[in-house]
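Below are two complexes that have subunit A in common, paired first with subunit B and then with subunit C.
Up next is the complex of A and B:
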C-alpha cells in the first residue's frame, strides 16, 4: 500500500500515544489549512446547528442561495408542535443585490415572511457575502422588530470569520437577547434549563422526562424542540445544564454573569455519563434529598433493565476496534467510555474543533497507540482507520462513505442522526447500531478482507 | 393570507459551484477545488455524498478574515500546492464561490503567477509536472447549480481542446444525468462503434466499487488526452434545450474549431430517443443495432399495456429546466398531462422549448413556471390537485402533506437508495421511468381501494 504522508503544516495536529512520550501539544483552534479537504464547516454552520431546533421562529439566511439550500431540513431535530424550522428561507441574493447591497431585499423579505408565517421571533443569519458587502443587518432587524413587534435577531455568522465554534458563540449572543424578556412567574426553586440539547430524533424528550421524574422542572430546552417563549423566561431557572459539545457554554456563562445562574457540564451518552448527568443535578439540589433518591431509583431501574440487554452485544463486540471522528471533542469522551463498556477499544480519536484541554483529556483516557487528531481530512482518516485496523468508524455523514468504501462499519453520531442515542435507551440504540454495522456479513467481501477491489 | 414573494422559500435549485464540482468529478485524475470559504466546500460535499453515497473530496482555499480583506491570492497558491502534494492530481478543477467573486480575485492572473513560481525555479510540489488548472467562474448570484455544471465543462474544453485534422470522433455532452445514464450512453456509442468523448463522465468516480485503500482520486473519468481531441471531433451532441451558445461547451467547440453542434433535448420518451438514435445512425452511417430496436419494441408494447392506468392523469414535474422539458414531452407522449412544469432555473427559454415539443401546451392547460421555489410549487399543487409529483427528493414534504404520489428522478435523491443507479435516458431509461410511473399509479389505486386487489 502506498504510504500516505501528513500534509506539511498539519503535522502538529496529529498525535500518537506512545509510552509516556512527551506531553501532548496539539495545534488546534486554528483555521483549516488551505488546500486541505477539511471535514469542517463554517461559522454559519455552527450558528445554524445551534439555533435550528427553535421551532416557532423564522430562520432567514441572508445571502446567496447555497447556504440556505444546503441546510434545508437536513437535521434530525424534531418538534412537538410548530415546524417552522424545517423550512428554508433565503434572500437569495442576485448580482444587483451584491452590487447595491441587500438591505432593502432583506427588509422586504422579512416583512412578507413574518406576515405570512406569524413566527414568535426571527433569526437572521448573515453569510460570508454579507460580511463583505457590509449590509447593516442589525439596523434592518431593529427596524423590522419595531414594525412587527416580534424579536428579530441578527446572527453574525459570516462563514469565513472563524470556525464552527465562533458560530456557536454568535448563536449564543442571539439567544441571550431573548433570555430575560419573559415573565418568570411560577417557576419553582428546583428548576433547570437544558442547554446544548437539540432534540435530535427526540433526545430532548428523553432527557427532559428523566429530570421531571426526579421532581425537577425544566424551564427551557435550548434549543431542542425550542420555543421562543420558553427561552424568554429561562432566566427564571435555578441551574443550567450544558450538554456535551460545549456549543452553549457561552450562553451559560453569560447567564451566570447576568442572572447568577450556575451551570454544570454533562453528557447524555453512555451509562456512566448519563447517570452522572442526573446525579450531578441532584447533588446541586442537595437541600432536597427526595431528588437524589429519585435519581438513584431511576438510574437503578434503567441500568438494571439495560445491562442484560447489552450482554448479547458485548459477546459479539468484545475486542473490536473503533475510530471516532466527531465535531466536538467532549462527545468523544463519552463515546470512548460507552465503547469500552461493551469491550471495544478506541484506536483513533479526533474532532473538528477540540481545544488543548480536550486533547489532553483524550490522551489520558486512551490506550497506547491511539491516534489523536484535530481537524482531519479523508486521506488521514482512512490512513489511520486502515493502519489501526478499525472495525468501526463513528462520525458524520461526510465520514460515512469513507468507512463503507473501505469495508468498515459505521455509526452516525452527529447532527443528522435519525435515531436517539442519548439517555439509557439511547445507549441501547447506539450499541445496537454499532452491532448492526460491525457484525454484518457484508464486510466479508471487502477488499481488505481479501475481496475484489 | 398573503404569500411572501421576495424571499426564496425552499429553493428548487442549488448553488453554482456544486454543479461545477460534480462536473469536475467526471474528469480523470481531477480534484475539484473551491476558491472561497470552507463552509461552501463542506456543504457541497455533504450534499453530493447524500446522493451518490461515495466519498467526494473537494479542496477549499479556506478563506479567513484576512483573505476576505486582502484577497485570496496567497491562500489560493498555498492551497493549490497543498492539494497537489496530497492528491497528486493531473487536473485541478477550480471553481470560484460567491465570496472570491465578490472580492474580485483575478483567478487567472493568480494561476499565472502560481505557474511562474515553478518556472522560476521553485521546486515542484511533488516533483511531478504541475497539474492542468481549469478555472470556472461560478458565482451563485449569477445562476444555479446547472449553470455551474455547464460553466465547468465549457472552461474545460476552452482550456484543453486542441486544433487538428478532423477525426472520426463524436463529442457527447450529456448534461447533469446519473452515473447509470452515463454508462448507458457509453454502451450505446460502443454498440454503434463510434469513437467518442463523453464529458463529463462520473459514471465510475461517483458509482464505483469498494477500495482496499483510500483513493484520493477515484479511478474513472474522461482523460485529459481525449478531452484535447474534442477540438478535432466530427461533431458534438449536446443534451440540452435551454443552454445558449455562449455558455455551452459544444457551442464553444463549434465557434472555435468548427465542430458541428447538435443540440437536442435529453432523450427521454420514444420520440426524443428516436431523434437521438436517428442522429447516431446518421452520424455513424450505421443502422440502429438490433438490441435497441428490441428495447424500443418492448417499450412500445409496454406503452400499450400500461396506457389505461395513466391516461389523462395530472402530473407536476419540476427540476432543472432541461430535465423538465424532456420529462414533460415524455409524459405528454404517454397521455399524462404535465399540468405544471416548474424549475428553479431561469434561462428564459423554458416555455418556448416546451411549446416546441408539446404543441397543445396551451390547449391542454399546461402551466409553465421558471424561477420558482417549492412554496410556489405547493401553492400551485393546492389548486391543480395533481395525481403525481415527479422530481427530485425535495418534493417529499409536499407529497406527504398533500398526499400526492411521488416519483423521484434527477438530483438530488437523498431520501431513497440508489439515485446514482437510476436510469432516465434512451428506450431503456424510458422503460424504467414508465414502469415506475404506472406502478405508482397502481399502488395508489390499490392502497386507496377498500379491498385492495391482488390481480390485474
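Up next is the complex of A and C:
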C-alpha cells in the first residue's frame, strides 16, 4: 500500500488505539497549522449556523458579498411559518466602505429592511473585515433599535477571532439578549426549551411531538423553527434540554445562572440515546409520575416497532466498517452506538472541534485499532479509509466526493441531510441510508471492490 | 417561498444587496488555479473563506476540491500575515508536494495590506520553495468586482508569472479560457484538434474537476496545463482571450510581457459566437475549417430550423456571469426569443454596451443591470412587473422559478442542486445544440403539463 504521510506538526492530533490504557494525549482545541488543507470553517460560520433558523428575524451580513453569498440558504433548517431567514441580505461592502467605514451603509440597510419586512428582531453579523476596519456595529444596532423599536442584535463573529466554537458563543450572547424580554404568563410547570436542535429536515418537530406526547410543554426550540417571541419568553420554562452541546451549552449555562433553569445534555440519535433523552426529562419531573409512564409507553411503542425493521439491515451490515468525521465530537458518540447496534464497527472517529474529554470518551467506546483524529484533512481521511478498509464515510459537504472517489458509501450527517435522522424514525432513516449507500450496486465497479481500474 | 417577501414595486436601493447574483473574488481564483496541473490553490486569510470556497466548488462540481489556507488568527490580522504565509508555503511543499502553489488574497489580507509578491519572494529567498517548484500570487479583494474578477486575476497571474519568451516562436495559439465548465474546455480542445491547430489552453480544469474514479483520492488529478506548456505560451504566435471579463486580462498580460498579439472573442456559446471563435482560431493558425466542423455547424443550424416554430417571441429572464450571458443572449435572439430582463452581479461597462448592441433591434427596451444592487431580488421584481416564459441562470433561480411558476434552465455558476452539468459542454456547436434542446424541453414540458385534456397531444 502506498504510504501517505501525516502533515508535520499534526502527529499529536492523531491517535491510534493500541491496547494501552494510558490516557489519550491528543492535541486539540488549537488553531490549524498554516498551510493545512483543513476542513474547518470560521467564527462567522459558527454564529450563522446557530442563529440562521430563527425564521422571523432579519439576518444581515455586514461585510463584503462572499460571506453572505456562501451562507445563503445552505442549511436546510425548515420553518413552519415565516421564511425570512432564507433570504440573503448583505451590505456588500465596496472599497470605499472599507476605507471610510461601513456604519452608514449598515444603518441605511437596516432602516430600509426593517421598514420593508417588519421583522420581530434583527441579527447583524460582523465579518472579518468589520473587525479590522473597526465599525462600531454595537452603536449602529442600538440606534436602529431605538428608531424602530425592535431588538437589533449585533453578532460579533469576525472570522479570524477564534474558531467556529467562538461563533457559537457569540450566537449565544445574542440570544441571551432576547431571553427574558417577553412575558412568561401561561407557561406551566412541566415545560422545557429544546436547545441545540436546528430542525434540519424537520427533526425538531419529531422531538417536540415526543415531549408533547409525554405531557410536556415546549416553550422554545433554539433555534430550529425558531421564533423571536418564543425565545423572549423562554426563561419561563423549567428545564433546558441541550442537544448540540458544542453550540448551545453556553446559553444553557447563562440561563441557569440568571434564571436558575437547570439543563440536561442529551442526544436524539440512536435508540438508546433517544430513549434516554426522554427518560431524563421525565425523571426531572419526578413529582409527576404520569410523565414517566407516558415516556415508557412511547419508547416501548417506538422501539418494538423499530427493532424488527432494523434486523433486516443487520444481516447485511454486520461486520462492515465505518469512518466518521464530524463537526462536534458529541455527535460521534451517538453515531458509534447507532452503528454498533446494527453490527458495524467504527475504524476512524474524528472531529473538527473536540476537546480532551471528548476524545477520551471516544477512546473508551472504540475498538482496538480505531484511529481518533482532531481537525483532520483529506489526505489523512483517505489514508485511514484505505488502510482500515472502511465501507462507509460519514461526514459533511467536503467529505462526500472523497468517499465516492475512494469507492465507498457515504452518509451526510451534517448540513446536507435531507431526511430527519433524529428520533426513532430518524434511526430507521439513518440505517436505511447507510444500508442503501454501503450496499449500492455501484461499488462493484469501483477499483477497490474488484472493478476495472 | 421568496414570493411573499418580494415586493412588486421597484424602488431604488443604495446600500443593500438582497440575494446576490455574484459572489467573491477568491473562489474564482481558486477555480482558475485548479486548471494548472499539480497546483494547490492557497487562500491567504482566515479559514472560513477557504472553507466556504471549497464547499461551494465541491457542491458545484461534486469533486474533492483541495486548497490550503493561511489560517489567520487575531495575531496575523494585527501584525500581518507574512509569517503565516511563509510557514504555509514551507508546510505545503513538505507535505502536499504540489508543483505550484497559487496564492490568492482575501478581504482580510488585502485590508491588512499584505504584499503577496514580497512575501512569496521572501519565502523563495528563505529557501522554502524547492528547486523546480513555483509560487504564484494574485490579489483578489472581494470588495472589488466579483468571483469573475478573481478568476481573471488569477489567470492573468498565470500569464505574467509563467510565460517566457525565448525568442523562438512556436507554431501554437494560446487560448485563454474564460470561466467555463471542464466540459467546455474539453470541447475547445476537441475543436482545435479537429481543425488541426496546436493550442495551449489555460486554465484547463478538464480532468481535474471531472476526474475519473480510480479508487484513490488523487490530490493532483491528471488534468490541467503543465508548467512547461504554460511557460511556452510566451512563445506562441497568437492568443485568443475568451470573454472580455474573464479571459481577456490574461491575453493582455501575454502581450505585455511576451509581445504575443491577441484578440478577444466571446465564449463560444451559441452559433455566432462559435463561428467567430473558430474563424479567429483558423485564421490565426493559417488553416482552413474542415468539412467535419462545417457539418457540425450545419447540424446545429438544422436543429435550430426544426425548432424555429416553438421559440418565436418567448420572453426570457436571465442572470449570471457577463461572459456567459453575452453570447447566450445573442443565441437566444437568434432563436427568435426575447431576453427582456438581464442581471449580472459583476460590474463593468462593457456588459451593458454589448447587451445593448445585441438587443437594440429586437428588444430595445430590455431591463439590463449589472454591478451593485444588480441582484436576484431586482430580477424577481422585474419579472413580477413583466412576466416571462423562461428563466435561465444558476441554481438560485429556482426560488423565482417556483414562485412565479416559470420554466427554468440551469446554466452558469453555481449549480448546486443538479448533477452532471459539468460533463456536458455548452460551448461549440454541440453545446449550442444541447442548450437549444434543454430550453425547448422545458418549454414543451410546461406545455404538456398545462394542456387541457382535449389539446394534450402526441405530436407537438
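Some points to look at:
We adopt the following convention: the second predicted complex is superposed on the first by the 446 of 453 C-alpha atoms of A that agree within 3 Å, B and C clash if a C-alpha of one lies under 4 Å from a C-alpha of the other, contacts with A are read in each partner's own complex, and residues count from 1 in each chain.
Everything below uses one rule, namely that a residue touches a chain if its C-beta (ideal position, glycine included) is under 8 Å from a C-beta of that chain, and two chains touch if they have at least 3 such contacts.
Owing to the predicted nature of the structure, the values given are computational and were not obtained by experimental measurement.
Annotation: superposed three-chain arrangement on subunit A; subunit B versus subunit C shows a clash.
Contacts of A:446 after superposition: both subunit B and subunit C are touched. When the two structures are aligned on the shared chain, A:84 is found in touch with subunit C, with no touch to subunit B. Of the two partner chains placed by superposition, subunit B and subunit C are both touched by A:93.
Once the two complexes are laid over each other on the shared chain, residue contacts for A:402 go to subunit B and to subunit C alike. Legend: residue contacts after superposition of the two complexes on their common chain; A:115 is shown touching subunit B, with no touch to subunit C.
When both complexes are aligned on chain A by C-alpha atoms, subunit A residues 2, 5, 7-9, 31-45, 63-72, 74, 86-95, 97-98, 105, 108-109, 112-113, 116-117, 128-129, 131-133, 159-162, 378-379, 382, 386, 397-398, 400-402, 404-407, 446-448, 451, 453 touch subunit B in the first and subunit C in the second.
Listed in rising order, the residues of subunit A touching subunit C in the complex are 2, 5, 7-9, 31-45, 63-72, 74, 83-84, 86-95, 97-98, 105-106, 108-109, 112-113, 116-117, 128-129, 131-133, 159-162, 378-379, 381-382, 386, 397-398, 400-402, 404-407, 446-448, 451, 453.
Residue ranges of subunit A in contact with subunit B, taken from their complex: 1-2, 4-5, 7-9, 31-45, 60, 63-74, 86-95, 97-98, 105, 108-109, 112-113, 115-117, 128-129, 131-133, 159-162, 377-379, 382-383, 386, 397-398, 400-402, 404-407, 445-448, 451-453. Listing the residues of subunit B that touch subunit A in their complex gives 1-11, 13-18, 33, 36-47, 49-50, 53-65, 67-68, 75-76, 78-83, 85-87, 97-99, 102-103, 139-142, 144, 209-216, 394, 397. By the touch rule above, subunit C contacts subunit A in their complex via residues 1-2, 5, 7, 13-20, 22-27, 40, 42, 45-56, 58-59, 62-74, 76-77, 84-85, 87-92, 94-96, 106-108, 111-112, 141-144, 146, 211, 213-219, 345, 372, 396.
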